[in-house]
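Letters A, B, C and D mark the chains in the order given here, with residues in each chain numbered from 1 onward.
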């Protein structure tokens, strides 16, 4: 069994040719997913500031992690248990800008909750992305249970679940890791380590530098990867997915990244971190970085890039227009779906 | 920081002169505490079989761990958050055979719960042993909180808490370890690893051999020690206590041991383990082992041993007589102590 | 018809459901070995380790994993060793299991059953005696079943396993061996959400469930000899309540007693009383009475204290007499 | 007298108690920075990092650590960021905090306060809107406070911090800035366990608490203009209930409405109704009515759905009119 340290090394040793084994069209799709994610969330910020939506939360800065991870799985076969920042996961999985905007506006047609949950409580039955709640880390156990069922039923399915580094403090995360280890389940824990849990720096959440160190205590692999390097994220997750599919059990992949925006539209991050720190990270923006790489490697041309971005703008604009005009949920339906069959209520 | 492996080595490297630094009278007291613990629990078994008490649970086989740990702390200053097998902790801490028997019989005078809890839910205000519940691992968080208060108040107090290896699967254990690590608290987690959680062998509880491996994931020391070697347990815990008192933070000490009896009076361990396995461990009985050592080292004579044991028999017999005749709790008091001041109930 | 204890009825239901539907599997602590009450005895041998599975000692994971497995085509039957130990799993039950269907407007569901022994009278003290049903009876999205007869145990457990929603199936541990009765060998279910009128009388109506329902029947038989005729309603399902039956049977006699072992304040009896006080007010001939456990944190251990806490036939008969005389 | 918002009253109480008693300290998520609702704003600067302490993101540890700290001479005030997130800590609250005194017959106690924002109406959706008081109202050993006026927030929070038992102090988050009122600058407490009659009228009695109590007062004023005079009782403490006041005020008018935001079934209103149906039965002139949230798992997000769920002055006034006309 590889220790956290070993596999961390393994995953960063890809150095020489980081995109080896990733076809060009996939690289371009990854890039497009990242840009689309960013532009969708940019627009969400604007909509909230304009008072057109009540609330908004995003993972800006974490797109390489989210898109990289998701490209490593088999969409439609594998299961996804994301967390509230995972717009990049949603888009890479196949959710459309329209669907994300429907969710933001709380519309009946929104695939995540049909207007019942706050935005960013992702879920999409057709895409095997399971509806999540707000209390953090609970979804990690659902991923484990889903992986258990896959194993018991002999299905070649892998489950991935993501959460923030602060959320690893929850008891449920420990129980999920432990259960997955004991039963050697095909599940991958993605820790999107952005250094903060709302206002609290990582040092107030744990006494170690790497969450990945904990995997050894559950008998499986833990890797640390530069979460702003989409190819590294992809390669590491890919390897973990293959291991899981081969019956070699779970992995933890810790992606070191940063959210370059406040926690949510209700947060003012100037209270707890310097502008300088944020700017440093903005300089390391994962999208710019990947763009440069693709241009340098001749995989992307300036022209294609511009065309792609223009298409994305249209897509986002269309999405907002569509979602804003879509129907609100009907209160007459609000008593439904408590149970499969509505009980006769109070007379 | 010492890793689990390093400190495990450290603690077993005492080899040459295992009792170095432990005064003879303390060695003899340790021995007496072990024998008294065993004889008290022997009698409890008998009383339950005779139908004189309803229920009984013990840590027979784990006495070296329990007594060794407790001798390493400052009694009356340090705080103890034990678990249900810890008769040896109770006795080494200063609880009398009478008090344990009062608890067993559920008598009003019993110091643990005054007849309100099942036996073995230890607690003793004067001895700084805090009343425990049945749901496992909850007490580890109380120990952490108590250690936090000691640190905040600048008191030189250390908190120890014990639990079984199966119980480390609970979320609360993770949260306790994590909190203790972040705040570098004077708390020591004693894992009494007896290989089973009721019927489940360790392999069904975790995918690792040593729970101590997990400590590194929380940023502090983890040690593995032969829990049937009282001097090794003592030395390792002693070291951990000193580190804690010096402000060097928490430790985890994993004591590998075995319960040579069924889980409780309600359990039939023939269903899940062979007699051969149990007999192997009975041969490694920690009390016999320590007795031999003390005799060999000339610290204990056959004669002193016999006298000591005779005294213990009397003590236990007296305890049973006293406890059985003691007053039962009065139902007229049963509504008390829900709150400090009893609310006016239903009219 | 064969006579079965409660425990045997439970075991029969599990075995039959597992044989009939390969999606059904059991997970929990010590279940492979048969469980501390032996409810799963023999199932490992019959169905193998893939369908009877020991879990780590962590209740939140038992429930969370069951939810996840139910999402992927299985029908988990999770055992929580004692109902007292369901508390570490409350977040998974209330935030997740109860709300998954609602929060996705039906796109995701978690058909699962959680079995757990509850209740006192076996010298279990504070933490092996608790009734926990009222904690969940406030939570829409969960179903809660507390049967009292071996017949209902079997029929309701089968119904729970087949139910498309999460069901908490609470088993009064004192009744495991105490209560015996006729139970068909064949397949049958008892509908969740339906109360059962166990006996009818004109003088008063008593609502109860679980062990208390058994004592209530004994008390009613005793009072019958004294000329007091009681209707006894066994609620069986605690959530969703069978309000129609409750209201009808309350109206029929106008004198209402609600009996449960769980402590009084905020117990299931409060909702029954409130329902009747609103919907059957004009039919009431007496104050709505509740007889329940005292408002202490749980059943204390010493025999004298346990006796003080627990219901029995005498206590119930006394309350019925008092109400009948009103 | 100075005028304060609910949030300011809470902050004042915290600051004064911390200044007066050095055993008082605050722990929770993001509390150093002031907390997501800014209730602890300025306290770190004033009292230092030893007395205002960020914790890891793990509610069970927040409560468990608070219990442990209270055992060793401190008076913890734990913040749970949203009441919805108290659920992972239910085991520590119900198995530990609520039972420590009882299980040791008074040898050990845990004086601690748990503050948490609850309630809907701020577009918080299913998991940032829940009322959780009823889950704990069944648990002897815990005290539960749900104030409605800035004055009571300050006085009751001070009483909670000084109370020898664990107190859950729930703050309706929509009232933080919405409600303002006179609050003395000086030290005072409001007793836990006492309801307050906010206004008196002969036609009906309405029981309520929290934001609903505020709306109920508005509705009562409105109805007063229509000639309907209501007594309004603000319960303030949910556990232990002030049964004496409840029964007296129920008897006084004989027409009872209970109003709460939390969903109906098994809510706090059930216990109030049951209490009255037993102890004030002969004084009743009408069915006991409850007006409460619909029985769905929680408040949905979309504005139309949230409006559908939430109480307001109109809905309460309608219910009062209907009852008065009975």
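The rule is short, and it goes like this: a contact is a pair of C-beta atoms (placed from the backbone, for glycine too) under 8 Å apart; a residue touches a chain by one contact, two chains touch by 3 or more.
All figures in this text were calculated on a predicted structure; none of them were measured in a lab.
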Per Cα centroids, the chain farthest from subunit D: B
Chain pair with more C-beta contacts, B-C versus B-D: B-D
Centroid distance [mean C-alpha coordinates] between subunit D and subunit B, Å: 41
Subunit B and subunit C: spacing of chain centres that average the CA atoms, whole Å: 37
Subunit A-subunit B separation of Cα centroids, rounded to whole Å: 44
Distance from subunit D to subunit C - Cα centre to Cα centre, in angstrom: 30
For subunit C, residues that touch 2 or more chains besides their own: 55-56, 58, 60-61, 84, 87-88, 91, 95, 99, 102-103, 126-127, 140-141, 278-279, 295-297
Subunit A: positions in contact with at least two other chains: 113, 116-117, 121, 133-135, 169-172, 175, 178, 182, 204-206, 338, 345-346
Contact footprint of subunit A on subunit D as seen in their complex: 29-30, 32-34, 36, 54-58, 60-61, 82, 84-85, 87-88, 123-128, 264, 294-297, 300-305, 307-309
Subunit B-touching residues of subunit D, taken from the complex the two chains share: 25, 50-51, 55-56, 58, 60-61, 63-74, 76, 88, 91-92, 95-96, 99-109, 140-141, 143, 163-165, 193, 240, 243-244, 247, 275, 278-279
List of subunit A residues in touch with subunit D within their complex: 54-55, 106-108, 113, 115-118, 121, 133-136, 166-167, 169-172, 197-200, 204-206, 266-267, 271-272, 328-331, 334-335, 338, 345-346
Interface residues, subunit D side, partner subunit C - complex: 60, 84, 87-88, 90-91, 94-95, 98-99, 102-103, 126-127, 134-135, 137-141, 239-241, 262-263, 265-271, 273-274, 276-279, 281-282, 284, 286-290, 295-298
Residue ranges of subunit B in contact with subunit D within the complex: 79, 111-114, 116-117, 121, 123, 125, 130-131, 133-135, 138, 140-150, 152-153, 155, 157, 159, 171-172, 175-176, 178-179, 182, 333, 336-340, 343-347
